[in-house]
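Pasting in a structure now, in structure tokens, and then I'll have a few things to ask.
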Amino acid sequence: MRALVALLLLIISAAPGWAAGPLSYHLKPVAIAPDTWVFEGTREHFTRGNGGNILNPGFIVTDDGVIVIQTGPSRRFGEEMRAAIATVTDKPIRKVFVSNLHPDYWLGNRAFADVPIAALPGTIEGIKTEGQGMTENMYRLVGDWMRGTEPLVPTETVYGSTVVFGAHRLRLIPLEGHTAADLAILDETTGVLFAGGVVFSDRTPTTPHADIGQWLEALDALDALEVTVLVPNHGRIRTDKAAIAQTRDWLSWLDRSLRERAEAGADMAELLDAPIPERFAGMGVLREEYRRSVSHLWPRIEKAVLPRVN
Amino acid sequence: MTAFPTRRHLLSFAAAALAAGVLPRRAGARPLDDVVAAGRLMVAVYRDNPPFSHRKGGALVGVDVDIARAIAGRLGVGVEFMELTAGETVSDDLRNAVWRGPVVGGGVADVMMHVPYQKEFGLRNPEAVLFGPYQREGFALARNPMRMTQPMLASLPDEPVGVEIDSIPDFYLLGAFGGRLRDRLVHYMTIPEAVEALVKGDVAAVVATQSQVEAALGDRAAGFPITPVTFPGMMASNWDIGMAVKENSRDLAYAVGDAVTAMLEDGTLPAIFRTHGVTHNAIPVE
Amino acid sequence: MNRHLAAAALLAALSNPALAGPPDPADPLASVMWDVLRPELFGTAPVQFDDRVTVTAPDNAENAAAVPVMADATALGAVEEMVLFADLNPFPVILRFQPLAARPVIATRFKVQQATPLRAAARTPDGVWHIGGKLLDAAGGGCTAPPATYAAADWADHVGEVQGRAWAPVGEDKATRVRFLVRHPMDTGLVAGIPAYFIEALTLRDADGRALARLQTAEPLSENPVFTLEVQPGAGARSLTLDGRDNQGGEVKAAIPLPWVQGALP
Amino acid sequence: MKRLFRTCLLASAMAAGLGLSGPALAAEGPSNDDLLNDAKSTGDVLTYGMGLQAQRFSPLDKLNPDTVKGLVPVWSFSFGGEKQRGQESQPIIHDGTIYVTGSYSRLYAVDVKTGQKKWQYDHRLPEGIMPCCDVVNRGAALYKDKIYFATLDARLVALNKDTGKVVWSKKIEDYKAGYSATAAPLIVDGKVITGNSGGEFGIIGMVEARDAETGELVWQRPTIEGNMGTLNGKESTMTGVMNASWSGDLYKTGGGATWLGGTYDPETKTLFFGTGNPAPWNSHLRPGDNLYTSSTLAIDPANGDIKWHYQTTPHDGWDFDGVNELVSFDLKKDGQTIKAGAKADRNGFFYVLDRTNGKLLSASPFVTKITWAKEIDVKTGRPVYNDDNRPGTPVGAEKGNSVFAAPAFLGAKNWMPMAYSPATELFYVPANEWGMDIWNEPITYKKGAAYLGAGFTIKPLYDDYIGALRAIDPKTGKIVWEYKNPAPLWGGVLTTGGNLVFTGTPEGYLKAFDAKSGKEVWKFNTGSGVVGSPVTWEQDGEQYVAVVSGWGGAVPLWGGDVAKLVKDINQGGSLWVFKLPKA
């Protein structure tokens, strides 16, 4: 079993994340465990080249129907996912889980409008408030890939619990840190963990809604689980927990270095080109995500080092 | 992870189903639908009304604030607060908070907290619906036991007594016993100020609502016994605090009322009061 | 040729490029607004595009309501005035800065309406404006979107509060880095129903009241704006004072201690 | 697209230019002497009240009952935005510019000839303000190079009159404690003099003088006995005598707000400020006269000391707030000229006082029904109460006995200023005929506890009208003529040497009446209710009239029968200018 998985991973890694061709994601489901498939995205930022395909959505085929995890960055992506799922199984889609409010997790919802789409309350609230703005920004970032995409708010609220579909017991794990509500899903039957927002693998974490302290606690919670295959939200799928360690390392360094620079009197603009340790060089979109993180995290850190003077 | 009570599950599910338009929409303005569709419950709370709603380190905190958050959670929506400066009467407050909005603009809230739940008052304000009483309030006397041995209003010794200005205890004590106490009343802008004066020894007793005096004394209550008091010859000794919505929002009132009932049953409500150092007095079922 | 004549010639050249006279250098950022902004901001003074004036800012505005920018003209030597501006903002000028006893370097954050050239101009004692800049991409909305304080009910409780700190001098010119944040909504007046309400002047002074740096601030600065400056206070100064006012008469007053000086204010 | 940017650019470049070069040199505006002479100068309107005595009289006579039919609109200026309500302002006219305040604390400078805006100041109001009686402002004050006005968040703002740039801005009171400021400031001897308004809740009334140049406080005079005044930053004298007419510590919070501002008489060098009702409402809880609530105070402008007081409603139990303006005039009676002052009080009586000492000369009703007092005893100066018309004190769990009292607490006359014509020797008083059921009740809630301890409903007295513009002869107290208006009158009055009286109506009209007969001789509908105060002046040989239009104020805030009468009146916000063209 373990060997099979490793072999599969090799194949995935060798395959290009995105194939040339006008406006098709060319989605190929890759089996990573029994009944379990993933569409692996690139380790880039949203571009007009990749159409927003940067996430690792997946699905589990159960006797009760297909469980879909994330719907991708556009309606087209959702529709292509659905077509690709149909090449694997003729079972109907039973339920969709959306892990958090970031646009690449749920903008494909329109393709699944006929089935229940479940999310944590905080995710639903966030999509209601910020969904429209995020959608508009995605049109701007990736262009025509988004045609026909409109926000569709998840229709079902879930909390932390264990749900059973056919032979698969899925543990729904509510976390926070990457956003105010991140849903991780552990298939207790196969040991596959869909990290749902908090784990990045060789891809720099994104922080627009982040609380670093809570995020580190969420990583600890995932680290304590028994996992055979870890599907990070972005980046390389792994059979170990190295991605958790890498995410933790990055967040700790980021937080600490910003605090140190603030204490030393740096201005936000001076941080944009600050050096990043060599050990993170292998992570995708490193400098760009670092700069975004400065924008997200700096104002609060800065305030903490400037005392009231009147 | 803990499993959640079925009731809460059902409530949330119902709210989510409404959001998606799964349940049929009725014609006309339906504020519950509007609330769910907007994903936000706008709640009016009084500004500067400890321990129910006030600012602490910039953050809005208090019993009413926590109850509102819990209600929104059970409806599966977010919550936003509109802080309300108390007008001359609660009828003004109802107008500003739920049915017409303040003259300076800013719109109305979906629900207003801390409204007297009283039939006559309700009849006098047909533009609003009063519902969901969540606390039975009464007056209490906090005293320095060395200076005032008996918690009896009628036998108040010749010592200064603190009250909040323009409060019922103020009016009662100004007029009570032929005005005998009038010259000994010391007026404070807030109950916390009056309670600090009690602790410092400026006054021998403070008369105020039980919740306010409990919260203001906090863990110093051991040294300053708090006793419920009645105002003979003036009014009933207790009254109920509930909520209000605009007259066309009865369905929202039902949903919010159900959430409060559930919170009472599962102990959430008393726990919220406890957090703020206040005794929760449930409304007896009649 | 005397200065007046030169100015007149320049004006003629501006109004009709076909006429003879030294033409302006071409705008390296090819801004559609350059022809309008040039006379508005610099009149007939000579301008040159100069890499010695650097503008540090992200290529993309992650948060259009608070884009960090640092303008540095120290490579020019003496500088009398600096202007920071974004060509395509509804209010192009972000701030004007007179580095009286300060290094010609300033950093702050501002609101951006759309993708725009972002520039700093520094006037040297010979009257020449040296202009550097870069392109800033932005999703936009920073100027007309209501700031967060529109929703927060308590801006009035905090307006005019200052948080600030100075760092011990390093380097040859003994310049002291000062950073400060002023609580203010900085409303542009472009959002319906919300009047313009922004800080319009800030002066950083030495202990004896001597102005070290003067800022003329404008609508585009971010809500609760933050500034970084490098000033040269007198040797004995134990603190710097900051004073300023907004367009509605509100006052800003604060004292920023220099803690490494013995006996500095707490 | 490019043009749009250009406009923005120009605006910002202009602003920047001004900032760099410092405030442009302002033309020297009116001096103290100009202000003192305002009632006589016909080419301008420099003060609120058209003269510091506030007679609202202009000697101009080109407009008269014969010519007024030729009065036509010249232009109308919109205050803009969505803030279309409650325009209670009086324009100020000087040197080709009209300065006018709008609701929501806005101030405009408009070119008199063209109606083109010169500048506009919008005050950034905090979200938490809670003005009791709509978002109104009643006017600005002009002195030298600055124009002054008060804002709803209880600040006093001084602006450069030519640029609209703020020179200084001072907090009068804390808006979070329920204070706001709506009255026009008064300028006397280089001092800006204001009252305070807001909360009947734990406050005391105050009159304050500030240096017009700097905004620094010169003196403060509390209106309730037992409180200390200040002068130049130090305690000066106590108001009255502590505990003389108040029990316990109630004097510290007794009310008496001076929310309508005041008037000034240069002949006796005296400020006159009216004071509001005492707190709490239930009079049984505060035995005594409760000085100096519901009174007129005569104050020395130099140091803030009280020269005399006259209390119109001692021990008020009906919210008969006594803030109404005292108008100085020469009373010619029995061959003598008496320095007199007149006040049409909220309580229904028209008082004539000797303004040198506060002694009552006469008091006569100016509305048809007054239930609370039989009369005012001229000898003692005190009302002869109808004791059974005082709302009872609550007994047991029941509310106190309810009484029907007239006038209603909104007053026989509220804020709207009257006018006096030295030509006809008549006062023109905008009155309202209404009553109220009032009771003291054991419990009216506030923040979950009791508040005022009183309740009320307002009822019109007659089917066909509430408002009544009445001409009153101060020598006899007799009503010479009256004009009845269906809706309540809520705007100020202007009278002229041309034998005219102007006032506005909620129905939208600016109307002119023959000052002697009361015959309506002209009207024009402005499109929204008129609750502002009209003014007139002469320019290029033509007589002009201006008034602001925009329904609002306190009346629409009250429910019941009155609300039914006014609910369909459209709101608005504009300045109308009329003139009589040269023949």
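By letter and in written order, the chains are A, B, C and D; residue numbering begins at 1 in each of them.
One rule holds for everything that comes next: contacts are C-beta pairs under 8 Å (C-beta built on N, C-alpha and C of every residue); 3 or more make two chains touch, one makes a residue touch a chain.
Keep in mind it's a predicted model, so treat the numbers as computed, not measured.
When chain pairs are compared by their number of contacting C-beta pairs, B-D comes first. Chain centres here are C-alpha means, and the one lying farthest from chain A is D. Look at where the CA atoms of chain A average out and do the same for chain D: the two points lie 64 Å apart. In terms of their C-alpha centroids, the spacing between chain C and chain D amounts to 46 Å.
The geometric centre of chain A is 39 Å away from that of chain C, both derived from CA atoms.
In chain D, 82, 127-128 are the positions where the chain touches two or more neighbouring chains simultaneously. Contact with two or more other chains is made by residues 83, 105 of chain B.
Chain C makes touch with chain D in their complex at residues 32-33, 36-37, 40-41, 88, 90-93, 96, 153, 155-156, 185, 187, 189, 192-197, 200-201, 216, 218-219, 247-250. For chain A in complex with chain C, the residues that touch the partner chain are 137, 140, 208, 264-265, 267-270, 272-273, 291-292, 294-296, 298-299, 302-303, 305-310. Residue ranges of chain B in contact with chain D, taken from their complex: 46-49, 52, 83, 85-90, 96, 102-106, 114, 116, 121, 137, 164-168, 170-171, 174-175, 179, 182-187, 189, 209, 233-236, 239, 241. The part of chain C that touches chain A in the complex is made up of residues 56-58, 60, 62-63, 66, 68-70, 107, 109, 139, 160-165, 167, 177, 179-181, 226, 228, 242, 252-257.
Chain D meets chain B in the complex at residues 82, 85-86, 104, 125, 127-132, 134-135, 152, 176, 178, 200-202, 247-250, 252-253, 279-280, 282, 284-287, 393-397, 442-453, 455, 557.
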